[in-house]
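For clarity, chains are labelled A, B, C and D in written order, and residue numbers in each chain start from 1.
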Amino acid sequence: MHIESKKVAPTTIEVSVKLFAGAAELIGQRELTVTLTPDATVDAAFTALAADHPGIAAMRSILRFAINHDFAEPDRVLHDGDELALIPPVSGG
Amino acid sequence: MHIESKKVAPTTIEVSVKLFAGAAELIGQRELTVTLTPDATVDAAFTALAADHPGIAAMRSILRFAINHDFAEPDRVLHDGDELALIPPVSGG
Amino acid sequence: MARLIRVVDSAIDFGEALDAVAAPENGAVVTFRGDTRNHSEGQTVQKLFYEAYEPMATEKINEIVDEVQERWQVRDFAMIHRVGEVPIGEASIFIVAAASHRAEAFAACRYAIDTLKQTVPIWKKEYFEGGEMWVGETPGATRADPH
Amino acid sequence: MARLIRVVDSAIDFGEALDAVAAPENGAVVTFRGDTRNHSEGQTVQKLFYEAYEPMATEKINEIVDEVQERWQVRDFAMIHRVGEVPIGEASIFIVAAASHRAEAFAACRYAIDTLKQTVPIWKKEYFEGGEMWVGETPGATRADPH
(Lines give C-alpha, C1' and ligand atoms only; values in the text may rest on other atoms or scores of the structure.)
Protein backbone atom coordinates (compact mmCIF):
# COMPACT_ATOMS: atom_id res chain seq x y z
CA MET A 1 0.00 0.00 0.00
CA HIS A 2 2.89 2.35 0.79
CA ILE A 3 4.59 1.42 -2.47
CA GLU A 4 1.42 2.11 -4.36
CA SER A 5 1.10 5.50 -2.66
CA LYS A 6 4.60 6.42 -3.76
CA LYS A 7 3.85 5.42 -7.32
CA VAL A 8 0.98 7.86 -7.65
CA ALA A 9 3.05 10.55 -5.89
CA PRO A 10 0.37 11.69 -3.44
CA THR A 11 0.60 15.21 -2.18
CA THR A 12 -0.76 14.28 1.25
CA ILE A 13 -1.06 11.31 3.61
CA GLU A 14 -3.70 10.66 6.22
CA VAL A 15 -2.79 9.44 9.66
CA SER A 16 -5.24 8.31 12.29
CA VAL A 17 -4.44 9.74 15.74
CA LYS A 18 -5.52 7.97 18.92
CA LEU A 19 -5.83 9.93 22.15
CA PHE A 20 -5.99 8.68 25.71
CA ALA A 21 -6.37 9.76 29.31
CA GLY A 22 -5.65 13.46 29.85
CA ALA A 23 -4.81 14.01 26.18
CA ALA A 24 -8.22 12.73 25.10
CA GLU A 25 -9.95 14.87 27.71
CA LEU A 26 -7.97 17.92 26.68
CA ILE A 27 -8.79 17.60 22.99
CA GLY A 28 -12.30 16.30 23.61
CA GLN A 29 -11.89 13.44 21.15
CA ARG A 30 -10.46 9.94 21.36
CA GLU A 31 -9.64 9.59 17.67
CA LEU A 32 -9.14 11.98 14.79
CA THR A 33 -7.41 12.16 11.44
CA VAL A 34 -4.61 14.50 10.45
CA THR A 35 -3.58 15.21 6.88
CA LEU A 36 0.16 15.59 6.42
CA THR A 37 2.72 15.94 3.69
CA PRO A 38 4.37 12.69 2.63
CA ASP A 39 7.35 11.76 4.81
CA ALA A 40 6.02 13.83 7.69
CA THR A 41 7.46 12.76 11.04
CA VAL A 42 5.69 12.06 14.31
CA ASP A 43 6.84 15.48 15.44
CA ALA A 44 5.27 17.11 12.38
CA ALA A 45 2.02 15.28 13.10
CA PHE A 46 2.05 16.56 16.65
CA THR A 47 2.68 20.11 15.43
CA ALA A 48 -0.26 19.83 13.03
CA LEU A 49 -2.45 18.52 15.85
CA ALA A 50 -1.37 21.33 18.16
CA ALA A 51 -2.20 23.89 15.49
CA ASP A 52 -5.85 22.79 15.66
CA HIS A 53 -5.83 22.04 19.41
CA PRO A 54 -3.36 24.43 21.06
CA GLY A 55 -3.99 23.03 24.55
CA ILE A 56 -2.14 19.83 23.73
CA ALA A 57 1.18 21.65 23.21
CA ALA A 58 1.74 21.88 26.96
CA MET A 59 1.65 18.07 27.23
CA ARG A 60 4.39 17.54 24.65
CA SER A 61 7.18 17.01 27.18
CA ILE A 62 5.42 14.13 28.93
CA LEU A 63 4.11 12.34 25.85
CA ARG A 64 5.47 9.25 24.17
CA PHE A 65 4.26 8.07 20.77
CA ALA A 66 3.36 4.79 19.18
CA ILE A 67 2.94 3.93 15.51
CA ASN A 68 0.75 0.93 14.80
CA HIS A 69 1.08 -0.25 18.47
CA ASP A 70 4.85 0.08 18.74
CA PHE A 71 6.58 2.87 20.59
CA ALA A 72 8.22 5.26 18.10
CA GLU A 73 10.66 8.15 18.40
CA PRO A 74 9.47 11.63 17.36
CA ASP A 75 11.68 11.61 14.24
CA ARG A 76 10.03 8.50 12.79
CA VAL A 77 8.44 9.03 9.39
CA LEU A 78 4.72 8.34 9.05
CA HIS A 79 2.99 6.61 6.17
CA ASP A 80 -0.48 6.90 4.79
CA GLY A 81 -2.90 4.90 6.94
CA ASP A 82 -0.64 4.71 10.00
CA GLU A 83 -2.21 4.75 13.44
CA LEU A 84 -0.37 7.26 15.60
CA ALA A 85 -1.05 7.16 19.34
CA LEU A 86 -0.22 9.84 21.85
CA ILE A 87 0.87 8.03 25.00
CA PRO A 88 0.70 10.07 28.20
CA PRO A 89 2.71 8.68 31.14
CA VAL A 90 1.35 5.18 31.67
CA SER A 91 0.06 4.29 35.13
CA GLY A 92 -1.41 0.82 34.90
CA GLY A 93 -1.21 -1.80 37.61
CA MET B 1 10.03 -25.34 91.13
CA HIS B 2 13.71 -25.34 90.23
CA ILE B 3 14.52 -23.67 93.53
CA GLU B 4 12.50 -26.26 95.37
CA SER B 5 14.33 -29.01 93.47
CA LYS B 6 17.64 -27.59 94.59
CA LYS B 7 16.44 -27.42 98.16
CA VAL B 8 15.76 -31.10 98.30
CA ALA B 9 19.01 -31.77 96.44
CA PRO B 10 17.61 -34.23 93.97
CA THR B 11 20.01 -36.76 92.59
CA THR B 12 18.31 -36.87 89.18
CA ILE B 13 16.11 -34.80 86.86
CA GLU B 14 13.66 -35.98 84.28
CA VAL B 15 13.54 -34.45 80.83
CA SER B 16 10.92 -35.17 78.22
CA VAL B 17 12.44 -35.74 74.77
CA LYS B 18 10.44 -35.08 71.58
CA LEU B 19 11.46 -36.79 68.37
CA PHE B 20 10.51 -35.94 64.80
CA ALA B 21 10.89 -37.02 61.22
CA GLY B 22 13.85 -39.37 60.65
CA ALA B 23 14.87 -39.23 64.32
CA ALA B 24 11.44 -40.46 65.40
CA GLU B 25 11.50 -43.23 62.82
CA LEU B 26 14.98 -44.27 63.82
CA ILE B 27 14.16 -44.56 67.51
CA GLY B 28 10.67 -45.84 66.90
CA GLN B 29 9.13 -43.40 69.38
CA ARG B 30 7.95 -39.81 69.17
CA GLU B 31 8.35 -38.99 72.83
CA LEU B 32 10.29 -40.50 75.72
CA THR B 33 11.76 -39.51 79.05
CA VAL B 34 15.42 -39.48 80.01
CA THR B 35 16.68 -39.37 83.56
CA LEU B 36 19.78 -37.25 84.02
CA THR B 37 21.99 -35.89 86.75
CA PRO B 38 21.15 -32.34 87.80
CA ASP B 39 22.83 -29.71 85.63
CA ALA B 40 23.11 -32.11 82.74
CA THR B 41 23.50 -30.37 79.41
CA VAL B 42 21.67 -30.96 76.14
CA ASP B 43 24.77 -32.82 75.00
CA ALA B 44 24.64 -35.07 78.04
CA ALA B 45 20.98 -35.79 77.36
CA PHE B 46 21.80 -36.75 73.79
CA THR B 47 24.59 -39.04 74.99
CA ALA B 48 22.20 -40.71 77.41
CA LEU B 49 19.66 -41.16 74.63
CA ALA B 50 22.28 -42.60 72.28
CA ALA B 51 23.32 -45.09 74.95
CA ASP B 52 19.83 -46.61 74.81
CA HIS B 53 19.34 -46.03 71.05
CA PRO B 54 22.74 -46.25 69.37
CA GLY B 55 21.33 -45.58 65.89
CA ILE B 56 20.68 -41.94 66.72
CA ALA B 57 24.39 -41.17 67.22
CA ALA B 58 24.94 -40.98 63.45
CA MET B 59 22.41 -38.14 63.22
CA ARG B 60 24.17 -35.96 65.77
CA SER B 61 25.93 -33.76 63.24
CA ILE B 62 22.72 -32.68 61.50
CA LEU B 63 20.57 -32.17 64.62
CA ARG B 64 19.63 -28.94 66.29
CA PHE B 65 17.97 -28.84 69.70
CA ALA B 66 15.16 -26.91 71.31
CA ILE B 67 14.32 -26.54 74.98
CA ASN B 68 10.71 -25.67 75.71
CA HIS B 69 10.18 -24.58 72.08
CA ASP B 70 13.25 -22.37 71.76
CA PHE B 71 16.37 -23.36 69.89
CA ALA B 72 19.17 -24.11 72.36
CA GLU B 73 22.90 -24.76 72.04
CA PRO B 74 24.25 -28.19 73.08
CA ASP B 75 25.93 -26.74 76.19
CA ARG B 76 22.67 -25.44 77.66
CA VAL B 77 21.83 -26.88 81.06
CA LEU B 78 18.57 -28.75 81.41
CA HIS B 79 16.15 -28.57 84.30
CA ASP B 80 13.69 -31.03 85.69
CA GLY B 81 10.55 -31.06 83.58
CA ASP B 82 12.12 -29.45 80.52
CA GLU B 83 10.93 -30.49 77.07
CA LEU B 84 13.93 -31.21 74.90
CA ALA B 85 13.31 -31.57 71.17
CA LEU B 86 15.70 -33.10 68.64
CA ILE B 87 15.32 -31.00 65.49
CA PRO B 88 16.50 -32.67 62.29
CA PRO B 89 17.10 -30.31 59.35
CA VAL B 90 13.82 -28.53 58.84
CA SER B 91 12.22 -28.67 55.40
CA GLY B 92 8.86 -26.97 55.65
CA GLY B 93 7.32 -24.86 52.96
CA MET C 1 3.38 -23.76 29.06
CA ALA C 2 0.15 -21.87 29.58
CA ARG C 3 -0.28 -18.17 29.17
CA LEU C 4 -3.41 -16.23 29.98
CA ILE C 5 -3.57 -12.51 29.23
CA ARG C 6 -6.74 -10.50 29.54
CA VAL C 7 -7.88 -6.91 29.74
CA VAL C 8 -11.36 -7.03 31.25
CA ASP C 9 -13.96 -4.43 32.11
CA SER C 10 -15.48 -6.09 35.15
CA ALA C 11 -14.29 -7.83 38.32
CA ILE C 12 -11.20 -9.98 37.80
CA ASP C 13 -11.78 -13.72 37.91
CA PHE C 14 -8.88 -14.89 40.09
CA GLY C 15 -9.86 -18.52 39.76
CA GLU C 16 -9.56 -18.31 35.98
CA ALA C 17 -5.97 -17.06 36.29
CA LEU C 18 -5.02 -19.62 38.93
CA ASP C 19 -6.59 -22.47 36.98
CA ALA C 20 -4.71 -21.39 33.87
CA VAL C 21 -1.32 -21.87 35.51
CA ALA C 22 -2.09 -25.15 37.29
CA ALA C 23 0.34 -27.89 36.34
CA PRO C 24 1.88 -30.76 38.32
CA GLU C 25 5.35 -29.53 37.34
CA ASN C 26 4.94 -26.31 39.32
CA GLY C 27 6.06 -26.15 42.94
CA ALA C 28 5.87 -22.39 43.43
CA VAL C 29 3.07 -20.01 42.56
CA VAL C 30 3.56 -16.30 43.29
CA THR C 31 0.77 -13.83 42.75
CA PHE C 32 0.55 -10.06 42.81
CA ARG C 33 -2.78 -8.36 43.21
CA GLY C 34 -3.10 -4.60 42.98
CA ASP C 35 -6.16 -3.23 44.74
CA THR C 36 -7.66 0.22 44.82
CA ARG C 37 -6.75 1.59 48.22
CA ASN C 38 -8.41 4.37 50.09
CA HIS C 39 -5.40 6.66 50.30
CA SER C 40 -2.70 8.07 48.04
CA GLU C 41 -0.13 10.69 48.90
CA GLY C 42 -2.06 11.62 52.01
CA GLN C 43 -5.32 12.11 50.17
CA THR C 44 -8.46 10.07 50.55
CA VAL C 45 -9.12 8.16 47.35
CA GLN C 46 -12.73 7.37 46.46
CA LYS C 47 -12.25 5.18 43.40
CA LEU C 48 -9.98 4.61 40.44
CA PHE C 49 -10.73 4.56 36.75
CA TYR C 50 -8.51 2.75 34.24
CA GLU C 51 -8.30 3.16 30.49
CA ALA C 52 -6.31 0.95 28.11
CA TYR C 53 -5.11 1.34 24.54
CA GLU C 54 -6.17 -1.94 23.02
CA PRO C 55 -4.79 -3.95 21.30
CA MET C 56 -1.42 -2.37 22.09
CA ALA C 57 -1.84 -3.05 25.81
CA THR C 58 -2.31 -6.77 25.24
CA GLU C 59 0.58 -6.83 22.78
CA LYS C 60 2.91 -5.15 25.28
CA ILE C 61 1.85 -7.52 28.04
CA ASN C 62 2.65 -10.43 25.74
CA GLU C 63 6.10 -8.95 25.18
CA ILE C 64 6.63 -8.82 28.94
CA VAL C 65 5.65 -12.46 29.29
CA ASP C 66 7.94 -13.40 26.40
CA GLU C 67 10.78 -11.74 28.24
CA VAL C 68 9.83 -13.29 31.58
CA GLN C 69 9.78 -16.78 30.11
CA GLU C 70 13.10 -16.18 28.38
CA ARG C 71 14.82 -14.94 31.54
CA TRP C 72 13.37 -17.27 34.15
CA GLN C 73 12.11 -20.81 34.16
CA VAL C 74 8.52 -19.83 34.57
CA ARG C 75 6.32 -22.47 33.03
CA ASP C 76 2.93 -20.79 33.32
CA PHE C 77 1.92 -17.18 33.58
CA ALA C 78 -1.29 -15.21 33.81
CA MET C 79 -2.03 -11.50 33.90
CA ILE C 80 -5.45 -9.92 34.02
CA HIS C 81 -5.88 -6.14 34.07
CA ARG C 82 -9.22 -4.56 34.76
CA VAL C 83 -10.27 -1.31 33.11
CA GLY C 84 -13.13 1.07 33.82
CA GLU C 85 -14.10 1.98 37.34
CA VAL C 86 -12.44 0.01 40.16
CA PRO C 87 -13.92 0.67 43.61
CA ILE C 88 -11.93 0.68 46.87
CA GLY C 89 -10.84 -2.81 47.85
CA GLU C 90 -11.30 -4.29 44.40
CA ALA C 91 -8.47 -5.48 42.19
CA SER C 92 -7.22 -3.69 39.11
CA ILE C 93 -4.55 -6.24 38.31
CA PHE C 94 -3.76 -9.87 39.09
CA ILE C 95 -0.53 -11.55 38.05
CA VAL C 96 0.33 -15.22 38.55
CA ALA C 97 3.76 -16.74 37.92
CA ALA C 98 4.13 -20.48 38.35
CA ALA C 99 7.48 -22.25 38.27
CA SER C 100 9.32 -25.20 39.71
CA HIS C 101 11.11 -23.00 42.22
CA ARG C 102 10.15 -19.92 44.15
CA ALA C 103 13.11 -17.70 43.19
CA GLU C 104 11.99 -17.75 39.56
CA ALA C 105 8.33 -17.24 40.40
CA PHE C 106 9.04 -14.25 42.66
CA ALA C 107 11.43 -12.64 40.18
CA ALA C 108 9.05 -13.09 37.26
CA CYS C 109 6.04 -11.74 39.10
CA ARG C 110 7.94 -8.71 40.35
CA TYR C 111 9.47 -8.00 36.96
CA ALA C 112 6.10 -8.26 35.26
CA ILE C 113 4.37 -5.69 37.47
CA ASP C 114 7.37 -3.34 37.43
CA THR C 115 7.62 -3.50 33.65
CA LEU C 116 3.89 -3.18 33.10
CA LYS C 117 4.01 0.10 34.97
CA GLN C 118 6.64 1.37 32.51
CA THR C 119 5.61 0.08 29.12
CA VAL C 120 1.96 -0.93 28.91
CA PRO C 121 -0.44 1.77 27.65
CA ILE C 122 -2.91 1.76 30.51
CA TRP C 123 -3.84 4.85 32.47
CA LYS C 124 -5.23 5.37 35.91
CA LYS C 125 -7.36 8.25 37.09
CA GLU C 126 -7.71 8.90 40.80
CA TYR C 127 -10.93 10.31 42.17
CA PHE C 128 -10.32 11.89 45.52
CA GLU C 129 -12.17 14.30 47.71
CA GLY C 130 -12.35 17.56 45.81
CA GLY C 131 -10.97 16.42 42.48
CA GLU C 132 -9.67 13.88 40.05
CA MET C 133 -6.40 13.42 38.20
CA TRP C 134 -4.70 11.17 35.69
CA VAL C 135 -1.73 9.80 37.59
CA GLY C 136 1.60 11.09 36.31
CA GLU C 137 0.21 13.71 33.98
CA THR C 138 0.27 16.74 36.21
CA PRO C 139 3.26 18.81 35.07
CA GLY C 140 5.88 18.94 37.77
CA ALA C 141 4.08 16.52 40.03
CA THR C 142 5.92 13.38 40.98
CA ARG C 143 3.42 10.83 42.06
CA ALA C 144 4.39 7.88 44.17
CA ASP C 145 3.68 4.53 42.65
CA PRO C 146 0.12 3.59 43.62
CA HIS C 147 0.74 0.01 44.66
CA MET D 1 -3.36 -5.17 61.52
CA ALA D 2 -4.62 -8.68 61.01
CA ARG D 3 -2.55 -11.79 61.42
CA LEU D 4 -3.68 -15.30 60.62
CA ILE D 5 -1.39 -18.23 61.36
CA ARG D 6 -2.50 -21.82 61.05
CA VAL D 7 -1.04 -25.28 60.84
CA VAL D 8 -3.78 -27.45 59.35
CA ASP D 9 -4.08 -31.12 58.49
CA SER D 10 -6.33 -30.82 55.46
CA ALA D 11 -6.56 -28.74 52.29
CA ILE D 12 -5.59 -25.09 52.80
CA ASP D 13 -8.46 -22.61 52.69
CA PHE D 14 -7.00 -19.85 50.51
CA GLY D 15 -10.10 -17.71 50.85
CA GLU D 16 -9.73 -17.68 54.62
CA ALA D 17 -6.18 -16.31 54.31
CA LEU D 18 -7.12 -13.74 51.68
CA ASP D 19 -10.16 -12.59 53.63
CA ALA D 20 -8.02 -12.19 56.73
CA VAL D 21 -5.76 -9.63 55.07
CA ALA D 22 -8.47 -7.64 53.32
CA ALA D 23 -8.39 -3.95 54.25
CA PRO D 24 -9.10 -0.78 52.26
CA GLU D 25 -5.64 0.53 53.22
CA ASN D 26 -3.89 -2.21 51.24
CA GLY D 27 -2.95 -1.61 47.62
CA ALA D 28 -0.66 -4.59 47.14
CA VAL D 29 -1.25 -8.22 48.00
CA VAL D 30 1.52 -10.72 47.29
CA THR D 31 1.00 -14.42 47.84
CA PHE D 32 3.28 -17.42 47.77
CA ARG D 33 1.84 -20.88 47.36
CA GLY D 34 4.04 -23.95 47.58
CA ASP D 35 2.57 -26.97 45.83
CA THR D 36 3.67 -30.58 45.73
CA ARG D 37 5.23 -31.03 42.33
CA ASN D 38 5.74 -34.24 40.47
CA HIS D 39 9.53 -34.03 40.22
CA SER D 40 12.50 -33.37 42.48
CA GLU D 41 16.16 -33.71 41.61
CA GLY D 42 15.27 -35.65 38.50
CA GLN D 43 13.11 -38.14 40.36
CA THR D 44 9.39 -38.62 39.98
CA VAL D 45 7.67 -37.58 43.20
CA GLN D 46 4.41 -39.31 44.11
CA LYS D 47 3.38 -37.31 47.17
CA LEU D 48 4.77 -35.42 50.13
CA PHE D 49 4.17 -35.87 53.82
CA TYR D 50 4.72 -33.05 56.32
CA GLU D 51 5.16 -33.23 60.07
CA ALA D 52 5.26 -30.25 62.45
CA TYR D 53 6.44 -29.76 66.02
CA GLU D 54 3.52 -27.95 67.52
CA PRO D 55 3.27 -25.54 69.27
CA MET D 56 6.87 -24.56 68.46
CA ALA D 57 6.08 -24.31 64.73
CA THR D 58 3.32 -21.78 65.32
CA GLU D 59 5.51 -19.86 67.77
CA LYS D 60 8.36 -19.65 65.25
CA ILE D 61 6.00 -18.52 62.49
CA ASN D 62 4.73 -15.79 64.80
CA GLU D 63 8.32 -14.69 65.35
CA ILE D 64 8.78 -14.44 61.59
CA VAL D 65 5.68 -12.30 61.26
CA ASP D 66 6.83 -10.10 64.14
CA GLU D 67 10.07 -9.53 62.27
CA VAL D 68 8.31 -8.97 58.93
CA GLN D 69 6.04 -6.34 60.42
CA GLU D 70 8.95 -4.65 62.13
CA ARG D 71 11.05 -4.47 58.95
CA TRP D 72 8.42 -3.64 56.36
CA GLN D 73 5.17 -1.76 56.36
CA VAL D 74 3.06 -4.83 55.98
CA ARG D 75 -0.30 -4.23 57.52
CA ASP D 76 -1.81 -7.69 57.25
CA PHE D 77 -0.26 -11.11 57.01
CA ALA D 78 -1.41 -14.70 56.77
CA MET D 79 0.43 -18.00 56.69
CA ILE D 80 -1.15 -21.42 56.56
CA HIS D 81 0.97 -24.58 56.52
CA ARG D 82 -0.56 -27.94 55.83
CA VAL D 83 0.75 -31.11 57.47
CA GLY D 84 0.09 -34.77 56.75
CA GLU D 85 -0.07 -36.08 53.23
CA VAL D 86 -0.09 -33.50 50.42
CA PRO D 87 -0.81 -34.98 46.97
CA ILE D 88 0.71 -33.69 43.72
CA GLY D 89 -0.73 -30.31 42.73
CA GLU D 90 -2.04 -29.48 46.19
CA ALA D 91 -0.63 -26.75 48.39
CA SER D 92 1.51 -27.32 51.46
CA ILE D 93 1.89 -23.63 52.26
CA PHE D 94 0.14 -20.37 51.50
CA ILE D 95 1.51 -16.99 52.52
CA VAL D 96 -0.21 -13.64 52.03
CA ALA D 97 1.41 -10.26 52.65
CA ALA D 98 -0.73 -7.16 52.21
CA ALA D 99 0.68 -3.64 52.28
CA SER D 100 0.15 -0.20 50.83
CA HIS D 101 2.93 -0.74 48.29
CA ARG D 102 4.20 -3.71 46.38
CA ALA D 103 7.89 -3.49 47.34
CA GLU D 104 7.02 -4.18 50.96
CA ALA D 105 4.55 -6.93 50.15
CA PHE D 106 7.02 -8.73 47.87
CA ALA D 107 9.90 -8.43 50.34
CA ALA D 108 7.81 -9.60 53.27
CA CYS D 109 6.38 -12.60 51.44
CA ARG D 110 9.78 -13.67 50.17
CA TYR D 111 11.43 -13.22 53.55
CA ALA D 112 8.71 -15.20 55.27
CA ILE D 113 9.04 -18.29 53.08
CA ASP D 114 12.85 -18.14 53.09
CA THR D 115 12.96 -17.85 56.87
CA LEU D 116 10.32 -20.50 57.43
CA LYS D 117 12.52 -22.93 55.55
CA GLN D 118 15.35 -22.19 57.98
CA THR D 119 13.76 -21.88 61.38
CA VAL D 120 10.33 -23.47 61.61
CA PRO D 121 10.26 -27.08 62.87
CA ILE D 122 8.36 -28.66 60.03
CA TRP D 123 9.64 -31.63 58.07
CA LYS D 124 8.89 -32.93 54.62
CA LYS D 125 9.13 -36.50 53.45
CA GLU D 126 9.27 -37.23 49.74
CA TYR D 127 7.72 -40.37 48.37
CA PHE D 128 9.19 -41.22 45.01
CA GLU D 129 9.33 -44.26 42.85
CA GLY D 130 11.30 -46.84 44.75
CA GLY D 131 11.66 -45.06 48.05
CA GLU D 132 11.00 -42.31 50.47
CA MET D 133 13.19 -39.82 52.32
CA TRP D 134 13.04 -37.01 54.82
CA VAL D 135 14.41 -34.04 52.92
CA GLY D 136 17.80 -32.86 54.18
CA GLU D 137 18.44 -35.78 56.51
CA THR D 138 20.45 -38.04 54.28
CA PRO D 139 24.07 -37.65 55.41
CA GLY D 140 26.15 -36.07 52.72
CA ALA D 141 23.19 -35.39 50.44
CA THR D 142 22.58 -31.80 49.49
CA ARG D 143 19.01 -31.49 48.44
CA ALA D 144 17.84 -28.62 46.34
CA ASP D 145 15.12 -26.49 47.82
CA PRO D 146 11.81 -28.09 46.87
CA HIS D 147 9.96 -24.95 45.83
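Basically, a residue touches a chain if its C-beta (ideal position, glycine included) is under 8 Å from a C-beta of that chain, and two chains touch if they have at least 3 such contacts.
Since the model is a prediction, treat every value here as computed from it, not as a measurement.
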In whole angstrom, how far does the Cα centroid of subunit C sit from the Cα centroid of subunit D? 24
Could you put a whole-Å number on the gap between the CA centroids of subunit B and subunit D? 27
Distance between the centres, which are taken as Cα means, of subunit C and subunit B, whole angstrom: 51
For subunit B, what residues touch not just one other chain but two or more? none
Subunit D residues counted as touching two or more neighbouring chains: 34, 113, 145-147
Taking touching chains as linked, do they make an open path (line), a single closed cycle (ring), a hub with spokes (star), an all-linked set (complete), or other? line
Pairs of chains satisfying the touch condition: A-C, B-D, C-D
Contacts from subunit A onto subunit C in the complex sit at residues 18, 20-22, 25, 58-59, 61-62, 66, 69, 71, 85, 87-93
Taking the touch rule as given, give the residues of subunit C at its contact with subunit A in the complex, in rising order. 34, 50-53, 55-57, 59, 81, 92-93, 113, 116-125, 134-137, 139, 143, 145-147
Could you pull out which subunit D residues touch subunit C in their complex? 22, 24-39, 88-89, 100-102, 105-106, 109-110, 113, 144-147
